[in-house]
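Working notes, structure below.
Order of writing sets the labels: A, B, C and D. Residues in every chain begin at 1.
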Amino acid sequence: MELTSLKVIKHEKIAAKTYELVLQKPTHICPQPGQFAMVKVEGKFLKRPLSISNYTEDTVTFIYKVLGQGTKLLSESNPLDIEVMLPLGTSFNLETKHATLIAGGVGIAPMAALAKSLHENGTTVDVHLGYRTAEEVFLAEELKKYGTVTIYTEDGTAGTKGYCLPQEINSNSTIYSCGPHPMLNAVANKYPNKGWLSTEEYMACGFGICAGCVIKLKSGMKKVCQDGPVFAKEEFEC
Amino acid sequence: MELTSLKVIKHEKIAAKTYELVLQKPTHICPQPGQFAMVKVEGKFLKRPLSISNYTEDTVTFIYKVLGQGTKLLSESNPLDIEVMLPLGTSFNLETKHATLIAGGVGIAPMAALAKSLHENGTTVDVHLGYRTAEEVFLAEELKKYGTVTIYTEDGTAGTKGYCLPQEINSNSTIYSCGPHPMLNAVANKYPNKGWLSTEEYMACGFGICAGCVIKLKSGMKKVCQDGPVFAKEEFEC
Amino acid sequence: MLMNEKLQLIEENLHRLNVKLGDIELPNPVMPASGCCAFGHELNNFYPINKLGAIMIKSTTDVARDGNPNHRIYETSNGMLNSIGLQNPGVDVVIDEHITWLDSIGANTIVNLAGSDTESYVNVARELEARAKDKVTAIELNVSCPNVKHGGIQFGSDPQTLKNLVNEITKVTTIPVFVKLSPNVTSIKEMAMAVDETDAYGITMINTLVGMAIDYRTGKPIIANKIAGYSGPAIKPVALKQIYEVRQVTNKPIIGMGGIESATDIIEFLSVGSDAIAIGTANFNNPTICIDVLVDLLAIMDEMGIDHIDEFKGRAHV
Amino acid sequence: MLMNEKLQLIEENLHRLNVKLGDIELPNPVMPASGCCAFGHELNNFYPINKLGAIMIKSTTDVARDGNPNHRIYETSNGMLNSIGLQNPGVDVVIDEHITWLDSIGANTIVNLAGSDTESYVNVARELEARAKDKVTAIELNVSCPNVKHGGIQFGSDPQTLKNLVNEITKVTTIPVFVKLSPNVTSIKEMAMAVDETDAYGITMINTLVGMAIDYRTGKPIIANKIAGYSGPAIKPVALKQIYEVRQVTNKPIIGMGGIESATDIIEFLSVGSDAIAIGTANFNNPTICIDVLVDLLAIMDEMGIDHIDEFKGRAHV
């Protein structure tokens, strides 16, 4: 975990309201799938938490959607360097033979590194991706390299119409999910499988000192930035 | 008087801690010698008042010294456009046969347009310029085009050593002075001549609505941004 | 967008922007705050100020005041400090030179009234009642100006003192009186409840917080008066919280202010309970801010499918 | 500059930075503020926290608290709102897991003490006295945490209530007690005078202002608790003003805080009367801020020809 200024290699729009940001990173910084970074946006007081979507030996990739003022500012700017704190938080546990990835909206971002790593471990990967509409689709093509990919859109403009909740799941498959709170709760309670869910909360520090990101889970009050963002599925079951 | 965003044509260092900023201006904006502008510095809440040092049909030139945070930020940035409000305040009265210009530090900036205009009116111009030290000298060469130029430096590294206060002045010469308050008071009381002095005060708005820049002069409380910055010399005499 | 295009757009949408403060009707909810627009002449060079909801002119006292020595203002991170010290030409000149002019151009004028003792306040109110009552939309009672030595602050910081002052004023004038609350109190609710028990017509809030700036080199205060009023975006969260609380204890009209810079700020102020809003410091950085935010407001209303700004009012309380 | 180079530079200049708060000696004037450094474990991953002047740990209550629901924090222009709600594991766990560890690594620990009634405060003080008095440098009495429903604020907003609480605490412990003043009062001087009449060892100030943030789309408060503490650079002018005033009425040590982000900020806080300073919110944006500002401070002292930070103290008052 360190605060550092990284060179921008690429910063471009990849889908409606969706941008890819690639930074050059020193090799000693080694993120794991599911971890995130606090990203500085010039003109904004607090950094923005963004999942590490993917990484190589010397790059780290973020995919963000323009939601409010900060992401809008970032999307309109072309900085040469960006201050980031990373890698932060817990990562996905990769030990499984069969993996079912269920992600919605910007929750799809961290699926890239996750699917790749699982695939490299020889795990069978089924990916289910939910978008609002066709023009917001991203990462779907790339993920086909690592397993089957099923697309859902709320308005039916691409793939299956409706929310991203597969009818049934191979009973010994491990679920990996990231997305809005309602989706995570649905996933947690619809399927009996064990699994790992990545969640969101507003953050000030991103590394455990402010207690701003705390949410109530089954086992108690947890810091999303430090105890999470990846938690065991049971934590969300009711 | 208008608030507008102007293209930066030139922005470079011309002397120690001293920068020249040239902006492209629409021809309908016609400043007069002695007027100033409120200049936006990205990252700072209030605009900075800067004298209009010189202007042509379609350019306006500022010369500023790095004093605090705002001018430092400005000097380190390379904006394509800068938001400015201009032209503001009163200008120098040019009606005289003989003019003696006495300016110190950044107060020298507005002497460029002033000397030029006086010269064009056929006025005889003697210029006295005070600097802290040799490496801070600016505009001296250019001003020689319009009249005699005498340089003073506090440390004697250039021209006459000491403050910029000529021994004697042609009794029917009009004094034009701009510089720090102590200098203006000295000028106001050392010479019997009539004249015009340009002064400074902290400003919030620059166009008369905040009353932040008010100073006490002989005739009462005056807004430097609106009643000034150029005032009749008597106003400063005690 | 050119100014006359902006003005026309606003003109065409006044039925979506008009405000009723009790019986007082304003064409739109936006007005420049006292001390941030002098007496209107300067802003009128940028746009016709009779298009504003109203204009709140500089604090007026019974006799002329020079105000404080300089430095009077200083910048902070996202705000500013000021200690002007109620400089004004006195109520007679204000009436003859300014209120008369404002009336002649058809501006809705709210006269900010200040003093250092009850009598000096009452003198101004009497004068306005006698010589300008048909030219003035309302009086704004500045009981909180924090930057005048030995004055201002105490009126607004004790409920009983505040009540007494308001009663003395409403006794001598038929002009609607808005009381401008100071945010620098332990309980803003107490103050609002005190005002609620008077014949005051409404409340305006907030006045400036109180702050200080130091030159780290010398270690000395930068503002001549040492202590100064703090305004601008930095005080917005405090203003929203206090208006939210005051709306819980009174039904009187509230004109909200404190750091407003944008149309979304205006919507936030309406949401916590303001009926109209004032813009102060933001005029310094943009002389046409009061018109610009109305144009932006209409765009957001279209996008959100809002017919009238009243739909924004009080949403934080339901 | 690498961290170990920074630490060495500071080490070599401790004779220019050391602070005496009465009998309490600290190696330097900088400490992270309560609630902005948890219990120190995280910052200790960035630098050895025993190099700090001290560390002010999260508010501790007699029994564990879950704190408030989310959202708990939100950004403002140049500051932030928080309503954490005193989440903490309770004094026993704080002693066993945190204070013991802090003592073992040689950190100067200031325990921030909170409660909702006098008894709950006293319980924590008793516990600390009984089990940790040798491991604790001082107690910081949080009488002002503005973001806990039905609690906190009233203790710090009435002089007599405040005095009574402080007396109850100092009765049961020999640990030096610093009272943390709330800025949200009509007269900060009154509160300081009340503390001055007690056996409190010193004062820390300021706690957060109180503010609110609204989602303009829904019109609803963003923070679950609706009202929240306001911190960061935006509150600096208020902090400077209040410390300036408090220094006029007490000679007790003052640990100043409120928006400090830089070495020049520190010099300003010393100038108005602080003896040491704390940094809160700025830790979130830069985990090594407490070390970085010390390095910058030394550079400025060299440039200004200042031998010891004491030379900065109280310059605003002379």
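We take it that a contact is a pair of C-beta atoms (placed from the backbone, for glycine too) under 8 Å apart; a residue touches a chain by one contact, two chains touch by 3 or more.
Please read all numbers here as calculations on a predicted model, not as lab measurements.
Undergrad: List every chain that touches both chain B and chain D.
TA: Chains in contact with chain B as well as chain D: C.
Undergrad: Of the other chains, whose C-alpha centre is the longest way from the centre of chain C?
TA: For chain C, the chain whose C-alpha mean is farthest off is A.
Undergrad: Can you give the whole-Å distance between the Cα centres of chain A and chain B?
TA: Chain centres of chain A and chain B, defined by C-alpha means, are spaced 56 Å apart.
Undergrad: Taking each chain's centre as the mean of its CA atoms, how far is chain C from chain D in angstrom?
TA: About 35 Å, centre to centre.
Undergrad: Of all residues in chain B, which are in touch with two or more distinct other chains?
TA: There are none in chain B.
Undergrad: If a residue has to touch 2 or more other chains to count, which residues of chain C qualify?
TA: If we look for residues of chain C contacting two or more partner chains, we find 76-79.
Undergrad: Draw the chains as dots and join the ones that touch; what shape do you get: line, ring, star, complete or other?
TA: The chain contacts form an open line.
Undergrad: Any two chains that touch count here, so list every such pair.
TA: Going through each pair of chains, those in contact are A-D, B-C, C-D.
Undergrad: Show me the residue ranges of chain A that touch chain D in the complex, using the header's touch definition.
TA: 1, 3, 44-47, 85, 201-216, 220-221, 226
Undergrad: Residue numbers of chain C touching chain B in their complex, please.
TA: 35-38, 41-43, 45, 58, 66-67, 69-80, 82, 84, 87, 232, 281, 283-288
Undergrad: Along chain D, where are the residues that touch chain C in the complex?
TA: Counting only chain D, the residues touching chain C are 76-79, 81, 157, 184-187, 209-214, 216-221, 226-228, 230, 233-238, 240-241, 244, 259, 264, 267-268, 270-272, 300, 304, 312, 315-316.
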